[in-house]
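Next come two complexes, and both contain subunit A; in the first it sits with subunit B, in the second with subunit C.
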Partner chain A sequence: MLHLIVKYMWWIPVVVLLSACATQPPLRGTGDLGIVIERATGQVQVIETSGRSSLAQVSGLGDLSHASVVFSRDGRYAYVFGRDGGLTKVDLLTARIVGRVVQAGNSIGGAVSQDGRLVVAQNYEPGGIKAFDADTLELVADVPAEFGSEGKRSKVVGLADLPGNRFIYSLFDANEIRVTDLSDPRNPKTERYPAGKQPYDALVTPDGRYYIAGLFGEDGLSMLDLWQPGQGVHTILPGYGRGEQALPVYKMPHLRGWAVAAGRAYLPAIGRHEVLVVELGSWKEVARIPVKSQPVFVMARPDGREVWVNFAFPDNGWMQVIDTFTNRLVDSFQPGRAILHLEFTPKGEAVWISARDDNKVAIYDTRSRQKITELPAASPSGIFFTSRAFRTGF
Partner chain B sequence: MLHLIVKYMWWIPVVVLLSACATQPPLRGTGDLGIVIERATGQVQVIETSGRSSLAQVSGLGDLSHASVVFSRDGRYAYVFGRDGGLTKVDLLTARIVGRVVQAGNSIGGAVSQDGRLVVAQNYEPGGIKAFDADTLELVADVPAEFGSEGKRSKVVGLADLPGNRFIYSLFDANEIRVTDLSDPRNPKTERYPAGKQPYDALVTPDGRYYIAGLFGEDGLSMLDLWQPGQGVHTILPGYGRGEQALPVYKMPHLRGWAVAAGRAYLPAIGRHEVLVVELGSWKEVARIPVKSQPVFVMARPDGREVWVNFAFPDNGWMQVIDTFTNRLVDSFQPGRAILHLEFTPKGEAVWISARDDNKVAIYDTRSRQKITELPAASPSGIFFTSRAFRTGF
Partner chain C sequence: MPTMPAFAQQTAPQPERVRELVHLVRQDCGSCHGLTLQGGLGPALTVAALREKPRDSLVATILGGRPGTPMPPFRGIVVEDEAAWIVERLQEGFPVDAGAAR
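Moving on, here comes the complex of A and B:
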């Protein structure tokens, strides 16, 4: 018997090799990959935008309500931030979880450093930012958002990466913008800038120069010119709703760098049925565009010629499209029930739209604004493509 | 004997599978990959920018003097255009040539359609553009650049992709800009715009709105606003060298969309030791920045805060850096002998610089402007990273 085992032992490495071989998925590029969050089931779908198909489903990511995603600089890995403070690293090629830490009690997203070596989370509870090694998810820096004399900590919002492995973010409870330099992560250096009341989200322009924070506590926005930080924070569009009754806010709008088009920023007016248009640099109000309802995402098509807008409840089945050349609405349509998010392909020929209550992702041609196809998804929310890895401020 | 062969036939699929297994390289993302042209040997190196290393060398690409590269929308394949008219498709993951056609007598580059399905070559001889299926390299459209009554054909320069699967290019011999719509490749539709004398290269702004062609035959540049094509071509910076003796031109400068920073275009003055700065939209001349020699590439760091410039012979060992906030030179240094090209990493933390006569690629940190490392390469010229796949106008 032993004789037989020894005789056929050469089979062991062959079987191991064959198994390894059988489990390695085929080679493929990662430039057309992405993630769709399925919030109800705590799963994500790995999708590809060339053939417009779903490749795999990954589970075990915890609470994915309000989840967001950033990508490794090689486009292979997604870092998924869950509302429960979980940070999960997903290999898009094998569709497996390769790392997971529960790093806070309540987290709302993150960013990757310019050099790709750090993943940074912005946390509500305990308030602050934490930096992790992008390979191992080992904690390398913990920067609490302390303020006042009693060491209270603020919720952190509006985190974005900046050139030089720096990160910028806002303190909702402390009316402050902070910039933390993590080029030496063991020795973070933080600068503080007093800002307007209750910043709730923010954007960095694609060049990393201007940081604009939306304010919940006052009419107007806070702007910091990072090429002239000594000038401090300016208030822009002050009192844009002055003298008018504030509407109840059904859903906080989102601000991100993709709302910059044709040298202007297109901003959701909080609690109002308007998109505000401001010229970068001069900060003059260019236009107020009346829209159907309270805007949530205001996103420029990658060529900047159009801005697509979705809305808060009860009008969250609608999308509207603004022509940035005329600043007029050019289309209104209903892609499905409960439109939570949209993501343009890198060159903008198509847009993927999540319709939560229809359990589908609808894919539209951006030129004809006709639906190309749709994919089933369980209560889809955020959609994120790997091309984000190449952009500053995401 | 036959008995033995039949008995061990089960080994055949095992051996085939093992070979396939052994030859499949490990899975990896493609977002940090790129190509370095080794012009003297007709080879390319596949490189990666995370660990800053060379992964493989690929030969058999023909004449690679003045070669340029574009990428498939998934980032896996490089399309290499050789001066001899060869179009070679290289798989970056396996480092193998997977397709090659000799499609013209003399070609100077190409572009990929917005939807990623077409690769288009711009040709000197015979003058025109040709579109190929991005998967198979099958010819799907041939659009000659005919002009005049006798069916002469012009050299084509300054090709760039536009939204809507359109392509824009200039006719050196016909003083014209043309836009060809290839959304139905079997039925190309071309529009013609009379332009200045002898356009020699061009750029599209990153949003795809403005096309600017440099002119060899007159002082000034030709600009077409693609959001208002009915207005036709305008001359901008007319007579920028007026009243001064033209210098002999040692090397034609290059124009590409990466010269746009902070709402302005930074343009090499042909035959002059100057970089011209013009405001987009108003087309006012903002500055003329004196530089060491005749500029060749004028490239914005991805954050737009700096513009890096290399030069024609005899000063082609120098680089200069312009601060776009002050429009002043902030650095001059010599990375090596015969600097032919430079390419920034997608988020701009590093720049790769080819030094042909030192047979090396030098990699610099863009913040400290100190050299990080260098890689050997045989007479390197162009350097191209896969992040180009996500940008319009490349």
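Moving on, here comes the complex of A and C:
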């Protein structure tokens, strides 16, 4: 009898394998996948944009207030940065957590290196950046944002990756922009540039050339030309709010998200109901577009023809659309309560909009600006598609 | 009956308003202070962080903001009694968000 059991034991794994095949989802690519953050429950949804559906929910990601996501260069893995310092690597194809480290006390996002080998976190507490092996999440570099003579560390904002496996970021408390070269991650080299007061976020242009940091502590923005870094940081739009009392800011504007369209940068004014427009290169002010309230995200449609804007509390149920040819508003509408984020599909035919207080993601046709469908989501905030994997700055 | 402290609200918020206030603090204050109130751009608002802080100065911070920092004034969004109610709840452990009021 025993010899029979041993003889036929090889069947067991075959049977298990066959039954596993029966329930396995069909093969798929990752180019139309993405992540929706469900901020209140510490979960994410894996979604796909072709059929506009939710594929899976992944839980156990910690405090996801202000969570953000970047992607591996093959578009398979999402790196989710939680507020509580958690960095979680999610496999989009199996909808499983394949790595997780709590790497800081308080984190605000990250970026992936040009060669795809490093994932870098920007941290508030302790202030600085940390680089991890993108495969294993092993710590490979820790670069504290120290300033002054007392060893204080600044909160880091506006992190973006640059060509050459470099990373650029701003120091909220130290009024500086820094560039850290991680081409040899065991030996990071950092350059420091004095910037304006209290940078709160930043963007890098799609070609990786210009870095623009918004300032909380003064009017204007700080710009560094990375092709001519020796020229240092220039102030752009220095006079846009001069002599006026800024309004209270209930949500910091977000610059990271490529509001670069038609050769111009579209930027949220801080403390004002305006979108500011500057010409790339000359950095001359082209327009100030009055909008409904204080803009938070000013996002260019992928073709650059329109810019879509959402707003700070308490006017955060609104969206407005700016035509970049005329620099005029062409639409205002209310997709839901507490619109926290929006993300365009890679070619821009649709936009996904998170309505936190309605527990839904609304999907709009960008040509008709009519709603196509809705997906339920618990307190959704950030929406991130894998097309970000191929953009400099993310 | 113990003497009520001077800052105690004259009128406690109604249940629907309580739900709104909890949602406001967790979600909108949470943008800077974290959903779990462990801090972010703004400082932590945990029991441990606030226990020793004078209540009237915390109420003043909610209503008037803190000039020179990103903390905005919430006067006009919450009234003084509501700010006092929020401070008391923060100092004893803030309630869980039950979602937006309808």
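The criterion applied here is as follows: the second predicted complex is superposed on the first by the 376 of 394 C-alpha atoms of A that agree within 3 Å, B and C clash if a C-alpha of one lies under 4 Å from a C-alpha of the other, contacts with A are read in each partner's own complex, and residues count from 1 in each chain.
Here, a contact is a pair of C-beta atoms (placed from the backbone, for glycine too) under 8 Å apart; a residue touches a chain by one contact, two chains touch by 3 or more.
No experiment lies behind these values; they were computed from the predicted model shown.
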item	value
Clash or fit (per the criteria above) of subunit B with subunit C on subunit A	fit
Contact breadth on subunit A, by residue count: subunit C or subunit B	B
Partner chain(s) touched by A:Ala40 [first = subunit B, second = subunit C, both, neither]	second
Touching partner for A:Pro229 - first (subunit B), second (subunit C), both, neither	neither
Partner chain in contact with A:Pro144 - subunit B first, subunit C second, else both or neither	neither
Which of subunit B and subunit C A:His66 touches, first, second, both or neither	second
First, second, both or neither for A:Lys251, with subunit B first and subunit C second	second
Vertex subunit A; arms to subunit B and subunit C (CA centroids, nearest 10 degrees)	160
First, second, both or neither for A:Phe172, with subunit B first and subunit C second	second
Touching partner for A:Pro314 - first (subunit B), second (subunit C), both, neither	second
Partner chain in contact with A:Phe216 - subunit B first, subunit C second, else both or neither	second
Which superposed partner A:Ala262 touches (first subunit B, second subunit C, both, neither)	first
After fitting on chain A: smallest Cα gap, subunit B-subunit C, Å	31
In the complex, subunit A residues that touch subunit C	39-40, 63-66, 83-84, 106, 108, 124-125, 155, 172, 200, 216, 248-252, 313-314, 337-338, 356-359, 379
Complex contact set, residues of subunit B against subunit A	14, 17-18, 20-21, 24-25, 27-33, 48-50, 71-77, 92-94, 114-116, 161, 163-165, 207-209, 227, 261-263, 280-281, 302-305, 325, 346-349, 367, 386-387, 389-392
Sites on subunit C touched by subunit A in the complex	23, 26-28, 30-32, 34-36, 38-41, 65, 70, 72-73, 77, 97, 99-100
